[in-house]
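Look at the two complexes coming up: chain A is in both, with chain B in one and chain C in the other.
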Partner chain A sequence: MSSAASSTTHGSAVQRWLAPIVWLSLLLLLTLGMGHLEWLFRLLEPDLRQVIYRRADFLTLLGQHVLVVGIASLLAVALGVSAAVAVTRKFGRDFLPLVSQLASIGQTFPPVAVLALAVPALGFGTLPIIVALLLYGLLPIVRNTLAGIDSIDPQVHEAARAMGMTPWQVLRQVELPLAAPFILAGIRTSVTINIATAALGTTVGASNLGDPIISGIVNGNTAYIVQGAVLIGLLALAVDSLFERLQRRG
Partner chain B sequence: MIELFDVTKRFGDETAVDGISLRVEKGELCALVGTSGCGKSTTLRMINRLIEHDGGEIHLDGQPVRSFDEVALRRRIGYVIQSTGLFPHWTVARNIGLVPRLLKWPKGKVRDRVEELMQLLGLPVAEFADKYPRQLSGGQAQRVGVARALAADPDILLMDEPFGALDPITRATLQDELRVLQARLHKTVVFVTHDMDEALALADRLVVMHQGRIVQQGSPVELLREPANPFVESLLGGMDRGLKEAALIQVSEHMLPLGPRLLASERIPYGASLSQALSVMLWHRVDRLTVVDEEDIPIGELSLRRLLGAKVP
Partner chain C sequence: MGETRQSPNWVLSSLMLAATAAWLTLDAVSVAPNRIVPGTPYAALEVVGGWPALLMAVPMLAVVVLAWRPNRKGLTLSLGVVMALLALLPLWLAAATAVLVTPDMPQARVGIGSALWLLLFLLLLVLIELRTRLGMSRALGWLLLVPMLLGWWLALSLWLEPLALLREYHARSDQFASAVQQHLALVGAAVGASLVVASLLVLAMRRHTGVRRVGFGVLNFLQTIPSLALFGLLLAPLAWLGARVDWLAALGVSGIGWAPAFLALLGYSLLPMVRNIFVALEEVDPAVIESARGMGMARRQVFLQVRLPLALPVVLEGVRITTVQAIGLTAVAALIGAGGLGTFIFQGLGQAAMDMVLLGALPIIGLALVADALIGALSERLRPGGAA
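Right after this comes the complex of A and B.
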């Protein structure tokens, strides 16, 4: 970083990306180097034989965590944005109240309950947690996309039509770009919440950073709980600061 | 040429436009005037099918507007609205080039056209091309709005209170510019306004609307001389009508040749309006003015006595 700081352009670029870089490096350092902190966790649980979670390595767990959240979020974005777009078209206006209600219910439904319902239907493993996260992450995206489209000056919309843009061109060139800051904010909320919620996947057999937490609770090992919780927290902070960066550019 | 035959539009139980028939000749500027809610904007928006009419027919050069694809139809009709409706996320140049790009003009041709229009509307390219709408004053933004409407060189221009949101000085400037522009481009223009002075100043033909119907149409002078009813008369300004008519007449039309008499001491340019001449006479308490050309050389005189004796047109 010191060599980059010597040049002003690099310096400002690093400065702008400072928060995401710091959180990401901390996350990676801790993921790879947890074993070296045995002395620290020994202070926490002096009587236990093992204070570092070793049933799977943290990098694999982190990878699985990111994968599950990533897939669920991509699906939630695709589904949420299309649903919001569909109900703001002429043909879908009638469904506007229904969709915003469904999205709200998705949020009030506890993810644990979604899991409980999803397991009998989809079996154990990664699929039920993806479904739960998808449903849970839908609301902020639908709500913000609706708000974003709603925020567009009706006169701008009318001008777009009056100039002879097709409905598709109005959507692609006017509505989505103008609603983008809102949509991005919705995705940010959705992804950040889901990073924390994904830990529940462990209870239905999807292994991820929730594993050390659940195992710690079951075995009464606070050190395990702290290791899982800290990594999940750092992941959430890293991703959140990344989104903040993106939002400020837009 | 735009023709409306017995056109009707209802919103629910309310009849917004009630069987109006209208003919706007090619190259004519037709102003639709009336109080708010009289159906003038609805009428305008039925021409480019932003609103579909319920009854009657609307023809463009003899063809019903319904026979065109609505997207293709709108690309050949310019449209200017009060709030400009510029895209806030696009630069001035990109906003102006919208319709040519929709029509898939080659890039170079779009760029040339955008620069040509910016010059035409007094927007220096170097200064304005890369600005965003929020960085413009109201007058500049509306110039961009007019440039965007003219970009693909449409024959027809629809303008919905285009200068309604501007301060009086900017409004007057843009009205003058539109007059000069129209004298050059000869578009077929339908211009909606509630400002009678604006309509009198710009229009070849005035159409007064009230409660969805046409109350009277004709040239500005015809309306001033013979308002059909008290509503039109009050819209035209009642007792101010004489001055409003005088504002439409140039001094040169009533100028007399220089006689053997001494030149009158007060001067008036030959391009000034009769109402301005009357104002000068009132101010200086004189009944004669010397008419001068651009170089301030006397070319004739204006006499109040002769004006009062002049025949009504």
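Right after this comes the complex of A and C.
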């Protein structure tokens, strides 16, 4: 990050990126250094032999969590934005009412239920989680992209066409940039829900930061629960603050 | 959209073609001799000689043809066809069950296959599309589901005893009833409490800007924390409190159970509730308040007789969002021993018993949809100039 260079022009680049930097460093520090806090967790569970979750190291768990959410979210953005763009073109306009209604009805479905239904359909493992996160994550993105494109003044559209822009250019240079803040807000909602739902992955046979929590509940080890919960919480806050920063820019 | 559209409706035709293809090619049912052995799948065409399945495919293709020239008459006819198909589906399943389950299989379990699920899903999409094209209201749209629900009710209560889902339910019907009760009680308590707390918070926020800033900050922060993590984080302090404070322990407060679930649900419910109440009270037109004052109304009267009734629909919107959200989150709370329908999901996942997972997940989705529709309709009615 070239914060030194930009700080001369913007004054306080570090300050503007402070929240994401703080959450991210806390997350990484704790992920790598949880073992050094054994004395602290000892206070919480003085009678147990083991107070630090060791079945897998936290960095691997964090990596798996980020990977699953990342893949699902990237696919959701690609599919969601293309779907919303397709149904707002001339050839796909027939599908617009159905898609927009589906996006709003679908959001009534609880994410846990969607995750649970993915297992009978796809079996246990990482695949059902990615599919469930992808399907659920699509909804806010489709909905917000539609709202974003809908919010553009028709006159802007006409002016762009009158300037001789091709439909593709109008989409790339006018519609998508103007809809970007909406789309970004949709992605933020989608990712936030996905981080939370992915944590339940342990119950469908995938391992990630939810593991220590579930294992702690099963074995009655509060220390494990706190370790998992703090890391997931920090991950969510780091990602959310990153989006917050990006949205302010846009 | 009153004009008769002459260009083909591609939505209807593509959905219906997909439905027909799924129905005729994928597995529609599976039959297992007991709970442990995996079932033998059957395609719809393999059941009863296949002619009932083919017979059902005819009206599906008829809808594709009707979509070619989608005038009002054709669309209404299609609507009738789709409603009939939705009602026939459970009856077809009943017939298939009767044929496939022979008397020498008293423990037989019939599973619903992907063809049936897909057909159900696609037909419901077609129903939504037709409802929109015919310009029907949301309430009328719900009535369109009545024949289907009657069909399922009839089939489930008379003929579908070997259905795996139903067997799973009969094996634990008491447990199911109390799970539904616990689920609703937790949701009701959390939404009710959040309504009270949020109202008090908003009153404080309207007085002091500081409270407003800090309040929204804290609630936004809470909303970001994933549910499983928040349940986990509440577990430790509540276990500590429950072990040390006698009267709290007597109330049943401990790290596991309703207490952390309730607190977390309350926390999550506050943001949408506070936001909506705040906006509702803030957005009442100042001119209306002015004229109420001018008529000699006291502050109290203005609040109770003008501000509150005008704000009510927006507040109810907050109740709707909160309730739907809480129904889903309560399912997660089953992991920390709060009971509710999530218990079936997680027990079922633990035992790889998919019908038990469905027994938890389907009612949760049902509850969320019903709550959404009911509260949505109520807030629609209360809106000034609404259907009331």
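Definition applied: the second predicted complex is superposed on the first by the 237 of 250 C-alpha atoms of A that agree within 3 Å, B and C clash if a C-alpha of one lies under 4 Å from a C-alpha of the other, contacts with A are read in each partner's own complex, and residues count from 1 in each chain.
Following the convention adopted for this analysis, a residue touches a chain if its C-beta (ideal position, glycine included) is under 8 Å from a C-beta of that chain, and two chains touch if they have at least 3 such contacts.
A quick note: this is a predicted structure, and the numbers were derived from the prediction, not measured.
Of the two partners, chain B and chain C, it is C that touches more residues of chain A. The intersection of chain A residues touching chain B with those touching chain C, taken from the two complexes, is empty. Every residue of chain C that touches chain A in the complex is listed here, in rising order: 9-11, 114, 125, 128-129, 132-133, 221, 224-233, 235-236, 239, 255-256, 324, 327-329, 331-332, 335-336, 342, 345-346, 348-350, 352, 354, 357-358, 360-362, 364-365, 368-369, 372. Note for the complex: chain B touches chain A at residues 48, 50, 71-76, 79, 81, 83-89, 98-99, 102, 148. The touching residues of chain A, counted against chain B in their complex, run 153, 155-156, 158-166, 169, 173-174, 177-178.
Chain A makes touch with chain C in their complex at residues 44, 94-95, 97-98, 101-102, 105, 108-113, 116-117, 119-121, 124, 192, 195-196, 199-200, 203-204, 210, 213-214, 216-217, 222, 225-226, 228-230, 232-233, 236-237, 240.
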